[in-house]
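These notes open a run of structures that come right after.
In the two complexes below, chain A is the common chain; its partner is chain B in one and chain C in the other.
Here is the complex of A and B:
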């Protein structure tokens, strides 16, 4: 509780106004804490721009979304026409709509890059686990937001994409069919589905998203940012208690971010104005055909940002289940033979492995495909506890770790690409290899992240003035 | 520097992997699409296309999101639209609705002909743009005694639509290879009112109109876009200098 602060009667009107506010609301205090006296490491590189840019895109999505809702009709009979009405008859409607549709894809590009930055520099390691968890929550909410938003234009891809994904839930044993019914509000995707998705897309999920973003930033500002060296700048402070390698966020990183925003907006506008369909990846061609429940498109593919996870789903076949069962068995045997655990735990591991293998054998692979798809996202939440590397940043890890990360990125792009393509024998095999690699990367991380010769981490950040 | 190396490795690695995946999956089949001429800013072509559209397509197909008044964007006056293009009892502020009732159309063709407003955007695919598809489609109808309408099409086999422009193009037969059933060439059965070159040109105009109608704001969009990019390039330069100026003190 701050004391009431009197100001000299000779002060300017601006100072008086600020003082009046500060005595009633911590305006200057908040600005100092989060901007002018928030110390960020001075060695940030280009990878550190994607967080602020994601925030910018969130604002773009909310503002354009508000204007779209003014003209959009959440009604199965009117939705498609209302989108075309926005594109044609609403002044500047085409711009607002393209900004929103391009914004959705841009959001995922930025968030994927932002997450990969965290992966490279170990930004999820102690004490930043909660920053990472809130971030994963944001990613999950974003996926829900995008999925439900994609139904709203009510084109063929909207309709059949939703139909396929919601049907997946019915593969869950016991509750599945009722759960799918609850999500759709009907036995097939229809007007009821459109209405509830609209409600979730414009109210429920954005509220959750905003809450999580605030939590993400508060947690970040509490612990301070990590940096490309993975060095804790708070460990080396000057006489005033300021980190020696830290610089005030404002003005240094605010000018950085303004520059980043300008360049990003240039690229974003180039897409909005010259390639809003982005070759069928941002706006799918089939989605210019109104939804027709009686005509299934030949090839149903989710929008590009879901395709890596869609591949995880499709890769799980009866055959792959045998491989996965073998993996569980080998894992259990290794844990029993190699692990220095009490007998009770070992017995527990064997018991659990037997139960899991039995379940894998008896439940439809379709269900396990859903588990793989969900698991592909959920596993990210566990990253802080999977990584046992003695250093945070990839800079001081053994070289082969870098190649492994490179392989992870290549694999992610390949399974992403395969998710856009129709199934074929070769593609199926590559998808399965990609799926095993994806999960192997994370599940074996507690083991491999410790291996190799690590380089010494400097006590101060490496920085060349520019 | 280390980062740059990693990024480069990642990029080349993924490019190779994607290349391999693409070539492994490249799907063959289907008829190649001819490249539609691009005349999107040619008002004469768009107007001719609009005329063909109203005279031939609008009988059975609607363009239910397209208002007649919007035709002013392609250089027509309100009077011109009213006098020569408003053939149904629609008003100028109305959208383009087919003369044929959907119920009747379903009886005639087995299904209601699709709306054509955004048809050019929906038909794009691996073989080309939607305009390429439509340009090829409208030029590959042929006589087929086995089909209910007496017509068939190379890019849309067993299509429900008869060849509406047959009087212009004349009747043709497709010469197929006896063994592989691959398409070998055309055989003109009866002459049309247009030469082959004139017909291609007319279809080019029609497709040009369909392309424009799918997104009437497209030309405006690109003009505004150019100015936006010029502005943002300038802004990027200024903010880059601003950033440099501030970061001078950081050592």
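Here is the complex of A and C:
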């Protein structure tokens, strides 16, 4: 608790006001801690803009959302028409709606880039594990937010997308069907479902999201930002205890980010005004047809940001289950033969493998598809403990690690593309290979991330003044 | 306060017991308070009442045609199969995942429909038009022969656009498809030769 601070009677009105507030609320203190005396590494590159931009898009989504709710009707009989009403009759309603729908896609573009930055520079490594975990929580909340928001226009894709995803829960053994019923509030997706998704979309999930964003930033400011070299700037401080390679966030990065915001808004506006549907990727064409519970559209696909995970779902068939069972068996055998573990652990591993294989054999592939889809997201939470590389940043890793990361990106894009496409034999095989690679990349990371010749990490960040 | 304890070195364990007890009581209250909120997620009385049986008039249905009626918000199909279509059904057994509907006894197929055509009268096939995978509504693919997304020896049936499951004209799912079960045959009965009641059957 701070002491009460008296200010000179000759101080200006502004100073007096600030002093009055500071004696009652830590305004200056918060500003210093998080802005003017928050030291960020000076060697940030373009990859470090996406966090700030995500925050900007969050604000855009909240503001446009508030205005959309003023005209939208969460009623199965009225919802579709009310969105068209916003588009046609509400003054400037089309702009607010397109900002909101484009904002959703922009959010995911930025968040994917932001997460990939973390992957490249090891930003999730000790001591930033919680920054990463809160971030993954944000990603999960964002997916829930996007999914429930997509039901609201009550178009064909809204309806059938929700039908498929809610039915995913019914694949869970024993409790599944009742759980799906509890989510829908009816025997099929209907008015009850629309109403509760509206409630979640406009209040429940945004509250969670905001809380997580605050936690993400508090955790980040506690440990300090990572940087492209993966060097801890706090390890080298000047006589005043300020990191030598750090610069105050304000004004250096606040100005820097405003420039980034301007560039982003150029691109964002171009899309909002000239390509808000983005060729059917941001707003699917079938969603301009009102929901019809009797007719599934000929081709249904989720919005682009869910498609990589949708491919993981679709890839799991009876055949892939045999491959996965073989993988579990091989893993168990390797652990027994190669692992330096006590016999009790080895016996435990063999027992667990037998149980898992038996379960894989007896439960529908449908359930395991759901597990793969959920697992594809959940596995990200474990990244800080899967990566055993002696260096944080990709810059000082063996070159083949870079190629592996490139391959991961290509694979992610390929499975993302396949998720938008109809099923076919060839696409199915590629999806399965992509699924195995996706999980292999993460599950084998504890081993491969240690292999190769690592380059020496400098003690100070590499930086050329410009 | 903590200094006082540190100085005396004594912990009043009876106070701690009561702290734990009141904590537990609070937790029970919290859980009890959650019950009405979680229960409100269940289908309302109105939604449950909407599950009544519906009648369907099949007098205008011609061989090879399908009609759809709504039951519990789901599409129920009534297909009048041609003799050729019926003749093709037994030949498909080898390609099907569960040709005799034995996987979930009593759930997907009522007893009176446990036959080759999964129907009361061989000609008329009644089924819920919702894929057993993730709830999409499959499309009609009555045309036989090669076509996109389907095998070359296709005998007519249904194709689910979401994840590619295929079903024959008795709603039986083909092997190696994501859908685990045959299409559900709802409880139904004939009120007369041309009147069907869907959602109820004769339970003696």
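Keep this in mind: the second predicted complex is superposed on the first by the 466 of 466 C-alpha atoms of A that agree within 3 Å, B and C clash if a C-alpha of one lies under 4 Å from a C-alpha of the other, contacts with A are read in each partner's own complex, and residues count from 1 in each chain.
Just so it is clear, a residue touches a chain if its C-beta (ideal position, glycine included) is under 8 Å from a C-beta of that chain, and two chains touch if they have at least 3 such contacts.
A quick note: this is a predicted structure, and the numbers were derived from the prediction, not measured.
When the two structures are aligned on the shared chain, A:256 is found in touch with chain B, with no touch to chain C. Of the two partner chains, chain C is the only one touched by A:190; chain B is not.
When the shared chain is aligned, no partner comes close enough to touch A:357: not chain B, not chain C. When chain B and chain C are set side by side, the one touching more residues of chain A is B.
Touch criterion met: A:298 reaches chain C, while chain B stays clear of it. Of the two partner chains, chain B and chain C are each touched by A:424.
Of the two partner chains, chain B is the only one that A:288 touches; chain C does not reach it.
Where the contact sets of chain A with chain B and with chain C meet, they give residues 422, 424.
Residues of chain A touching chain B in their complex: 42, 45, 47, 81, 84-85, 87-89, 94-95, 98, 120, 228, 247, 251-252, 255-256, 258-259, 261-263, 265-266, 269-270, 272-274, 276-277, 280, 285-290, 394-395, 402-403, 405-407, 409-410, 413-414, 417-418, 421-422, 424, 426-427, 430, 465-466.
Residues 38, 41-44, 47, 51, 68, 70, 72-75, 129, 133-139, 149, 160-164, 175-180 of chain C are the ones that touch chain A when the two sit in their complex.
Interface residues of chain B facing chain A in the complex, by the touch rule stated above, are 2-3, 6, 9-10, 13-14, 17-18, 21-22, 24-25, 27, 64-67, 70, 114-115, 117-119, 121-125, 130, 214-217, 221-222, 224-226, 228-229, 232-233, 235-236, 238-240, 242-243, 246-247, 250-251.
Chain A meets chain C in the complex at residues 160, 163-164, 166-168, 171, 181-188, 190, 192, 196, 293-300, 314, 317-319, 364-366, 369, 422-424, 428.
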